[in-house]
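Below is one structure, written out as structure tokens, with a few remarks after it.
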């Protein structure tokens, strides 16, 4: 039978064995289908956290759930806005229910260690709410020993790496949408899906400190990227990716007492 | 840039070009993470309709959306029941909202031809409701020319094929859970994930004409399969799969006037 | 005081006596207000399961709750579609909540044996979800001994009867909408509401293996019936009805250990 | 075909004829399954408004929809409280959705004149909300000429009748729960379901001007009635019932310009 | 540190001390932003119950939560209708969830005695539902000793006061919208916000015993007041206000065994 | 009549005049009831944005709606966590519905320029969703010219001010919870509610880059503050507050073309 860390590839009998009395963590990637400029595929926010989960799972003996591939609505200041073709988003409540339901089901299987690994900034508060609701529901069902670690994978980048990857200064995580970090990591993970010739060369987007509803598209870079990924390289991508994997594996090892 | 039919692998600029003024169909696979006996992986109900969509899309110039990989709760008489480890299901309302949201978003992109290709019997009424709610919401937003084709892929099997694949008689679609059809198609599509040695050899499940809540596990085959897949072969799988693809491609060509 | 089996006709004091420490089953008919051709009234899907419940209740000492008289949206392939005048349907979520709430209330009264007797195919998955949600909620309230039997009454027809009633072959349950079975049973139960002269004589509907949203009315028999009830008789109706009653009474006797 | 005013008893073809271009009113009774003392059946709040609707419909050429037979939770000060066996209630949101869905469906049929005739005080604000939501939804669907008349039938009692029926003074509508009015009207409408010997003889309930959650049953008359129906008679019942019918028919004639 | 009774003005450390092991009641005012004629500010329904709560809290050692300042939709017969500018209302479900959430949170803090003091008639059934849902949720979390007193403050007016304030007869609580009572109490509590010159002089509104949806504004007094507040005085206001405070303080002292 | 900028203090007639054909902006503060250390009251997140709104409204001729005084659940890394007594929070869905409903109502009044001024980080994504849903609903009602500016007031602090207020370096907005900025502004706005002696002196909190559910209180500063407000002064508070007001007034003037 498969020795995959992907739950989806296991038969239930194998899955049951792997759970090992609830001590095996389950990692759930939560991504998005969102435009990432003219050079990156729509699946960046799913591909990266899923790959991080898979590699981390191998290191710590965890399993990886099928990713949630649709996320919350892209916001102009962190994702370019939800008006782009291709960006395919859920209402907040839908994402909450989806994530909550899945957590509850893994709990039913006996899982007690879950990591929610988010790949899309706009998801974070909705997956947070999902964790809270799931914990509450589980308590009502008599399950009180669930522990969930919730994260955006990018938050694990160290300052050292940041200096290395952005020698001229790090703009901000929000402006990094389709920028150097994501482009580099996608060059590393899915080289054939990156069209480096199309990397936008424009200056970083410049936003006022507020949002406008409905979105005013002309105030957003037409490329959809919020900063330029021109200095991205697969090497940088590998470096960052490996760091994410190592750091997240370490954090989960500690938190889950593995 | 990618010539994939997978929306997830396209940049938004390519996606926009492919939409061709709303004439390009988008196919949405809706699967499940559900036990399929000790010999099949948990992802059968996602893998099969996704593969059907990809092949059909190539024939008709359509695009394929990321599959919904979690489905409605498995029922004893059609999926063995939701109590098995590995079966990871959504509340009905969650699946409705998820599917509805995605349809609405494709409509926003300009898509007017959508096929919902379901791989899990238990989803059907909830995806039906999603179609209805999406059509209603779109109407309220002034979009009245959306057409959605909604199907379970297996309903496209012809009688001729049925006789060929089940020379000793076809039990019923419900009892086919993890039986000859799914095992065969998975042997064709994901040979390495099928552990043929583990195919159960028990007789088909025998259910009374009603459901019991909460589920009584002892009344369900312990394997999780509802009939035996012993006569499954990759060749049968290819035959059925090709027929699904051809028939669905033909149906969509006709319905979408492609 | 009334010796009715209808809960609605009892005073609460009598109802309380009848509950007999939770050992008395409560049967809940879940119907629809749906067109059934030009010859049958809109209430077929409520009248039949309610009558089945009443007769079964008399045999097994059960009580019958007021029917839910509005059901889920009629589908073209099983009910002609929801576009007909008269067909008056609920959103799926509404039907789920309605049925869930009622189950929870009977549980509060001390009832621990409930049968959901559905008269309308399209309800089945939503009433299934209602059972699941009710069981979950009851568990959170500390009630863990509820048992619910969930059924479509027509599934109790035996093969022998099927041959008798359909000597020329049984089309399918879906095409039976307003066909021989329902017409016969209504002739037996509500003769004065059946206008036999209006029974359509057209061939059974012929549907492709998929649904279209929004509905395309011209592809559905204009009568609303999916097959002809011309060979229906009150005698056949009595025969089938009695069989339903006996079989369901027997099943409940067994499942509820009465 | 049936000349009934009950929509449920009509074939859809007859129903369509009766609608007469949207000029025919549809009356929807909204009741409850609620204890009404040891002498009245649980269905009082459904039986009375349904009978009122039927008689009013005959006078004004209207149709009557199947009643909603489950209502909002009984409150101590107006219905004795929701803790009694037999009282079977919906969450507020459920009743809102149920009523809203039904109104929307009649609107789809072309109905533009709807009366919601409530038989259970506790329903009133939830059916009010349903009317508001339905009007809003219909507006979004382009239907702006719907008119809904919403009422509790008892509010049509004139002062003259009140003096006649309660010669010693009228306590209050709330205390009338299972009292003289309801007992009288049920004696008139369903004589065989009233057990007059069981009419409680206790003094009217005496409540402080507030509610207590959870309910404290010992502060509520053990009978479930809030005042005594001892002076009830079928004759009084007929008198009041006829007045309700006439007044409501007159009001609807005026409001709907019939 | 503050000796305020307003929770909002306390540091959490002080709040925790004040809770005194769950014996301290928390009073939650639930108001509205609703037109009250041309002479009263939109906040009457929030100002009055909040002031009542503050004064009652001082007498009984309770704390006062921040008021809910938006209420359910104004109804013509009790608030003039929701079509007036300034009237800013919530869907019923929203108000239920809001109130439920807050009750649950106070329960988490250890509070076991809560009073919901409503200032807006239309809120009452929705805050009632919120109490019921909160009690149910708390039970599922293992908290079974919560007691909630739920009231409309005006229901505490005694007959004696009614005769004093309305020497010519009390119309009805519904017609009192922006009438003598509210105008008097606002003159007492917020003199500078009352423009007495603008008090309408028209006769009380005259409504038929039913509601019309959508609202027909011409049938409602153009002023928004349902009766005239011309005989209002600050002195009457003080008298009524003091009575409310005393009576509510007394009721809570009794019910909470303070 | 009142010349207040608070909508709550206006009569509807005055409010209507002030709206000036939809050109008048309405500012909606969205706060929280959340612990802010032992030295600040629970209402900081409501008091500050409300005061900002009031002062900005005076400058630009806007009106201020009653604040939403309950916010989304406090998170450990930005608010200390939701387990503290006093922190009284809403489910995410509740806050979304609340904010959406209010926006829709102001739209009904004719308002077309709305600013959502958030005082509590954790609210931001839920109020964002509310804006999106409101815009969608309004579109379905035919209102397409609404413009909403959505912000966290603190995002308007300039770098210059940051250097001035935090001469030793700015930790991060998240760690500023109950720190120098909020303490200073509260000293300026509500001096009597600040107990400066209680300002915690501990080092800033040190969090790993992820969240843990359920919260582990021992990993959070026991004070509830995430950094020390010891260097706070009322003068700094005034400086920052005035800057917020000026900057926000300027931004709204520009965006609303006032």
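Annotations
Going in written order, the chains are labelled A, B, C, D, E and F, and every chain counts its residues from 1.
The rule we apply is simple: a contact is a pair of C-beta atoms (placed from the backbone, for glycine too) under 8 Å apart; a residue touches a chain by one contact, two chains touch by 3 or more.
According to UniProt, the chain labels map to these proteins: A, B, C, D, E, F = Creatininase.
What you see is a predicted model; the values in this text were computed from it and never measured.
Shared contact partners of chain C (Creatininase) and chain F (Creatininase), listed by label: A, B, D, E.
Any chain bridging chain D (Creatininase) and chain E (Creatininase), meaning touching each of them, is among C, F; the list is complete. Chain centres here are C-alpha means, and the one lying farthest from chain C (Creatininase) is F. Between D-E and the choices B-F, B-C or A-C, the pair with more than half the same contact pairs by residue number is B-C. If each chain is reduced to the centroid of its CA atoms, chain D (Creatininase) and chain F (Creatininase) end up 46 Å from each other. If each chain is reduced to the centroid of its CA atoms, chain A (Creatininase) and chain F (Creatininase) end up 28 Å from each other. In terms of their C-alpha centroids, the spacing between chain C (Creatininase) and chain D (Creatininase) amounts to 26 Å. Within chain A (Creatininase), the positions touching two or more other chains are listed as 91, 93, 140. Which chains touch which is summed up as A-B, A-C, A-E, A-F, B-C, B-D, B-F, C-D, C-E, D-E, D-F, E-F.
Only residues 1-2, 7-13, 15-16, 19, 33, 35-43, 46, 65-67, 69-70, 84-91, 93-94, 97-98, 101-102, 105-106, 109-110, 192-193, 195, 198, 224 of chain C (Creatininase) touch chain D (Creatininase) when the two sit together in their complex. Within the complex formed with chain F (Creatininase), the chain D (Creatininase) residues making contact are 136, 139-140. The touching residues of chain B (Creatininase), counted against chain C (Creatininase) in their complex, run 72-73, 75, 82, 91-93, 96, 122, 124-126, 128-129, 131-135, 146-151, 155-156, 208-214, 251, 255.
Residue ranges on chain B (Creatininase) touching chain F (Creatininase), taken from their complex, read 140-141.
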